[in-house]
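One chain, chain A, links the two complexes that follow: it is found with chain B in the first and with chain C in the second.
Up next is the complex of A and B:
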C-alpha cells in the first residue's frame, strides 16, 4: 500500500487528535490512588452533619422528655450511665493517643452509642421522632462505616468487635432515671461528635498538607467549631 | 354399551373435573408436562403428554393415539414424537403465534376423540436490563431513584432498587405496586458513598442494571424557600425587601440563593447577581426599583458549596414600591378661541395624565398658575386635565404641576403670546410615514432653540370635523411616532408646532396614512365634449373619505362595444383628459380607476358616442356653398341690371313708334307718316300752328301766371338782344336727348367744327321774372340732320369753348341740363344763365326761331305732355337729320319762323315750366 500525501495528512491529523485528547483519558489523568484524604474529608463532613442532625433531634427529643430536660440550663449529675463511653477524657491524654488509637476509640464509642441509641427508639412516642431517630441511627451507622473505611485506608486494623452491640435490658429504672439516661446519651453523642470532628479535621490536615486551598477551607470550618 | 356411554360421559368431564376440583374426586387419564409453561417468543416449546397406566389398560389405549390440538386446530402429526407406549411429545416452533390452550386428546376406538389434558401456555419476555438509573435526594433523607425498565415483559416482573455502602448492604427499596421505574429510599445518609442498582426479575430470568456510585450529598435538591414576603419602605421608594423561610429538611447548613424579580406586567425576569446572594440568609433588599411599581419575586436555593441541584423556584410574591414625586412634568398645550369680543379670548388649556412610570404614584390634583395680564397671579387646583380661562389679549405665562402624595412635579410652562403675536420659525422637511404599524413623523428642527414640539393630528375628512389629538415631544426630538389609536385607511392631518420661549412657532402640516387601502370607489368620469375623433373626459377628485390612501394615478379604460379595452394612465393631479384618436360615429364605454399605493378601484362605466361629423364641419361645407350661390346670383342680377339695356334690346328690339314721330306730326305732307300716325293725319296742315299755340297757352296757364311769364319773356328777349350773347340759335333743341351723339348731324353740318363735340347743342336760356326766375339752361342736342343756320354755327363754337373753359365735361352739363329739365326752374343759377345769355345773345333770332319750334312741338303733343317733351320731340326730330326728316326739319324751322313773328313770346313760356318727358327713339 503506497502512502500518498493525503494519507500522511490524515495520519498527522489523527495523531494531533490523539494528543489533544490525551489529557481527557482517565488512566493518564489519574495521579494515583487518592489515598485516605477523601474518605477522611467525608468522615469529617458526616460528623459535622451528624452534629447538625443531632441538634435538631436532641431538641425534639428533650422537648419530648419534657422539663426539666428541655431546659437549657439543665445540667444533672451523671448517674448510672457508666456503660456509656464517656468523651470526657483529658485533652492531653487524648492528644497523646496516636491516630489509630483515636480512630479505634471513636469506632468503639459510636458502636456503643449506636447500641444505646436504638434503645431510645422504644420510648419515642411520635412517628416523626421515631423516624428522626431511625435516620440518625442510620447516619451513625454510616459514620461507623466511614471510620472503618478511614482505618482501612490508613492500614489500621479494625478494633476487635465482639458481638454486635445490642440493647441489653437493664434493671428496671424509674421513669425519671430512664429519661436521665436518655439525656446523658444525647449529651455524650454531642460530645463525641464534636471531638470526632476535631479529630478528623486534624487527621485530614495531616494527610493533605499540600492542598493549601482545602486546608484553608477546613481551618475555617474548624474555627467554627 | 351402557358402560361405554358412562365412560364417555366420564371422559368428557375428566378435564373439567380435574380442573375445577383439583383431581380430588376423579383422576385424569393423563397429564401434560410442563404443567404451566412460560415461553419466550420465537423459541421452540416441547410438551409431553403422559397417559395413565390404568387408563391405558382399561381402555386399551396407546400413545400413538394421542392427538394434539391448539384451541380447535390439530397440530400436524409431523410435530409429534412417540416417546414410548404411554408418552408422546409435540414440538411447537413459535407458540406466541399459536395461542392457548394446548390440549392432549386421544382417539377412542378409532373414532371417538377424548380430551385427556390441557395446558395454558403463557408467552412473555425476560426483563431487559434497566437503563438510565438516576437518583436525587429531596431534603435530608429521601432519595428517589428512577430508571428505564425497558421493554414490557408481559409477565410479572419485580424491580428492586438495591444499595450498599462499602461496608454493608443496605435495605432494598421495593417500588409500590404497578410502579416499575422508580423507588424512593427514605433513610439515605449523606457523606457516605453508596452503590445503587436495580434488579429486575420474572419467571424467565433476572437482570441487574449498571451500578451507580455517589455520595447523596451531591444529588441533593432542596425544597424551595417558602413564606416569601415583600415589603416596601416609606423612606426609600426605590427598594423592596424580600423575606423568606429556608427549607428545614436539609443535610447541610450553608445555602446560596437565586432571587429574581420582574414588574407585574413584564414577562422577563431580572436576576439579582448571584454573588450578592451566595450566603445563607432569610431576607434580601432589592434596590434601584421604580417607584410605585408592583414587582414580583421568586427565590430558589441550593447547597452553598454548589453540591447538588438548585431547588425549584418558590411561589411568587409581589410588592409595590412606595410613591415618589412625579418625575416629569405633564405634557401641556393650549388652544385659543379668539371669538370673545371686548378684548378677551378663551384660553383652552389641556394636558395629559402622566404615565404611571412618570407619575410615581397616584396624581391627586394639578396646579395651574397663570401670570400676566391684569390678574397678576392666578392659581387653581384642578382634578381634570383641561381648563378654560377667559383672558385678555395680553401675553401670559401658564405653568402646570402634577401633585401626588409625596410631592409635585417640575412645572410645565407655556407662553401664551398676545393677540397680535405673529408665529414664525417653522420646522422644515416635515415627513410622515408608516413603519412597524406606527405612523412616524420626522422633521428638521429650526435654527432657533426650541423648548418642545407639539404634534397635533386628526382624521382628515369631508364629513367629520377635525378633532385633534396631540402629543408633546422634547426639544431634541426629530423623529417620533403618533401615540394614539390610529385607524387604517384614514387620512391623518399631522401638524407639528415648535414651541419657543415667546410662544408657538408656525405650524407645518402633512397628511399621512397608517395603512393605505384601495379607494372605496372609483371616480365618476363623464365627457365634457365629444368630437369626431376625440373626447374630453372630465372627472372630479375623489373625496378624502373615499380615497383610503394617496391617489397616485388614474387609469382610464375605454373600449368600443366590440373592441379591446385600452388603458391610459393619467397623473393624479389631472381632472381632465382628452381621449384621442377615436373612431367617429362609435359607441365608447369608458370607466376610470383610481389607484393608491395599495391598489385601485373602478368607477362606474360611462358611455358616449362620437359624432359622424366634427363640429363645424357641416357649416364649413354649407356656408361657403350658400355664399357661392348667393354671390353667383348677385353677380347674375348685377349683370342683368348692368346689361339691362342690352338685354332689353336683345329681347325687345327697339321698334320706333311711328305714331309718335314728330316729323310725322309736323310734316303732314309726308305721306309715309300718315300710315304710322293716323292720329296726326287728323290735323289739317293749315290750322296746325294755331292749334298748337293755343295748346301751349293753356298749359302755360296751368303752370305759371301768364303775366309773369310774359314779362320774363319780354325781359328775356330784351336781354338777349342787348347782350347779344351767343345763343345756340338752332332751329330745334331737345331737352331730353340721349347721350348718344348724333354723328349724322355732325357729318351733315360742318365737318370742320370741333371734333370733341360732334353733337350740336342748343342752349335754351330764359330769365325769370325780375331775375328771380331760376335760370334754366337747357341744352338740347339737336338731333336734326338739318344743317344749322349760319347764325347758329358760331354759338356752337362758343359753347364748345365754354365747355372747355368751365372745365366741366359734356356729360355733367348734360346731366345738369336734364336736371333742369326735370325740375322746375326754381333754383336760380345765374352763372349758367349769364353764360347762356352770352352764348345766346348773338343769336336772338335763332332763339326766337327755336321757341317757335318748341311751340309747334307743344302743339303737336297732347295736352298731357310737358314742354320738355316738346323739346324732346324737337330734338328727336332734329336727330332725324340724316334722313329725310332733315327736310322736314327745315320745313318746320321755316314754319316756326313764321310763327315767331306773331306769337313767339306766348309760346315760349310753357316750355320753361313743362316737365320733361321721355320719348323713346
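Up next is the complex of A and C:
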C-alpha cells in the first residue's frame, strides 16, 4: 500500500515537472492534480479484495444450501433471475463503452446486488454465515462509495437511486426456487467482480499517462533548455 | 419385319447385362471391420459349403487348415490379419468373393480439454484417444452455452482441434462441450463443463532475451514479449512470473511482475551462466502459461588488466573463468619458440598467464610492435 502511495506522489511530481517545462501538454487538463487515477486504483484493488472474500463466502453459503448447489458441475438453466443486473455484454459493446457509462453500469449493478444480498442476510441460518454476509455487505458498500468517488472526480452524476429492485422479497415460494435465486445472486456477484476488474483496468489505462510517455516529455523538455 | 430381330437383340443384351452384374456383384470388394481378438468367418460368396475353393490373403495362398468347407475361419484376430482376402472356385480360378479386412477396436472414452489462449476472442478444444483404434475415426464436437448451440470450427491441421468464438463476455452461464468419436466398431463420448474464466491460459511469453549489463557484474537484463496469440494486451493485460537460476544450482529464484516486459536481475552470482524463463497470466483470471523457452546469459565481468600483451597470445574469447589453470605449453622452457623477436623472459612469463585469461586484444598487441 505504501508503494502505491509513493507511485501516485511520483506521478504528481512528474506531472508538475512536465507542466513547468511544457505548458502546452494536451492530455493533462488537471493542473497539479493527480486526477482520479489513485482512486481508480483503489477501486480496482477493492474489487480484487471483494472477489477474494466472495470466494470463501460463496463456498460456505453454497454448502449451507446443500447439493446440488455446491457441486462444481452444477449448471442449471436461468429461469427467474432476469431481474438481476447481468454482467454479460457483447465484446464490442463493452469495449466501446464510454467512461461514464462504464462507471454507471458498475455502480447500478452493485447497488442492486447489495440490496439483494441484504435480503439474503435475513434468512441465512447460522450466526457465522450472517457475520460473513454482513462483512461482505460492508465491503460492497465500500466499493460503491469508491465508484461514486471516481464518478464525482470525473464530474459524472450518480445514477438515480430511486428505483427499488422489482425482485424484492418474494411471496413465499418453493424453498428450492429460493435457493436457486440465491445461487444466481452469488454467481452474478462473482461475474460482476471479474468484469469490474477489467473495467477499472481499462479506466486506469485511460486516466494515467504511462510513465514512459511522461519521461519522454521530460527528456524533450530538458534538451530544449 | 425387323421387330422380332430387334426384340431378340434386346433379350440377349438384357441377359448379358444381368449376367455381367451378377458376376461383378460377386466380385465387389467387401469392406469389413472386425474387432481385435474376435473370430470371423468369411463366406466364399454364394458358393456352396462343399465347393472346392482356394483362399488368398494379399495374393498369397492360405492353407486348408483355416477352412470350414468353403468358408474361411479366422480366430483370435490380430492386426496382422488385416488385408485383402479373395476366394477362388475350382480350377478355373473363378473369383467368387473378395474383401478388405480391417482389424481394430471400438473407441475408448476420448480425452477432451478446452483452453482460451486468446481471451476474449475465443477458445479452442482439443482431444485425443487414450488408445489407438487402428481404423478410421470421426469426431463430432458440440458446444452448448446455456440453451444455445454454438459451432466449433474444425482446424484443418491438427485435425483434433476446433475453435469457438466468444459472442458474449462475462457470462454467468457455463459452456458444455461434448465430443463424440465414432468408428465402424462403436462409439464413445465425453463432455466437459466450465465457466468462461476458468479455461483462460495464455501461451508462454515470446522472444525471451537475457543480456549482461555493462559494468554490473551482478546484473542481468531480461526482456520478453507478450505472446502473439493474446489479442488485446491493452484491455486485458498480462502479468508475468520470472524464474532464474545459475546452471550449476537446482534452486530457482522467482519474481512476479505486474506489468512491463523487462526486468533486471540484481542478485546474480558474478561470472556464472544463468538460465531464465518467463510465464504469463491474465491479471485477474485463469491460470499461468507454460514456461517460455529458456534464455541463457552470464553477467558482465571485468577484463583483467595486463602490463604488456603478447602478439602470439591466442585469441580466446571465453567471457569468464573463475579458476585459472595454465595450459600445458612447452614455450616456457624454449625461448627460441617465441616468434618475432620479442622473446624476453618476462614476455614468456606473461604469455603463459595471458593465454589463460579473458579476451586478448591482439590488435593492441600488434599496435605495439608497429
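Here are some notes:
Everything that follows uses one rule, which is that the second predicted complex is superposed on the first by the 174 of 225 C-alpha atoms of A that agree within 3 Å, B and C clash if a C-alpha of one lies under 4 Å from a C-alpha of the other, contacts with A are read in each partner's own complex, and residues count from 1 in each chain.
In the analysis below, a contact is a pair of C-beta atoms (placed from the backbone, for glycine too) under 8 Å apart; a residue touches a chain by one contact, two chains touch by 3 or more.
All figures in this text were calculated on a predicted structure; none of them were measured in a lab.
After alignment on the shared chain A, the placement of chain B and chain C results in a side-by-side fit free of clashes. When both complexes are overlaid on chain A, the residue A:90 reaches chain C alone and has no touch with chain B. Taking chain A as the reference chain, the count of touched residues is higher for C when chain B and chain C are set side by side.
Of the two partner chains placed around the shared chain by superposition, neither chain B nor chain C is touched by A:100.
Contact with chain B, but none with chain C, is seen for A:149 once the two complexes are overlaid on the shared chain.
In the superposition on chain A, A:201 makes contact with chain C only, not with chain B. Looking at the shared chain after the overlay, A:75 reaches chain C, while chain B stays out of its contact range. By the document's definition of touching, neither partner reaches A:112: not chain B, not chain C.
When the two structures are aligned on the shared chain, A:191 is found in touch with chain C, with no touch to chain B. When both complexes are overlaid on chain A, the residue A:134 reaches chain B alone and has no touch with chain C. Put simply, chain B and chain C get as close as 8 Å, counting only Cα atoms, in the superposed view.
For the contact definition in use here, the chain B contact set and the chain C contact set of chain A share no residue.
Every residue of chain A that touches chain B in the complex is listed here, in rising order: 42-43, 45-46, 49, 52-53, 134-135, 138-139, 141-146, 148-149. For chain B in complex with chain A, the residues that touch the partner chain are 140-141, 165-168, 187, 189-193, 215, 217, 251-253.
By the touch criterion given at the top, residues 48, 51, 73, 75, 77-78, 86-91, 94-95, 184, 187-188, 190-192, 194-195, 197-198, 201-202, 205 of chain A touch chain C in their complex.
Residues of chain C that touch chain A in their complex: 120, 146-147, 166-174, 176, 193, 197, 234-237, 283-285.
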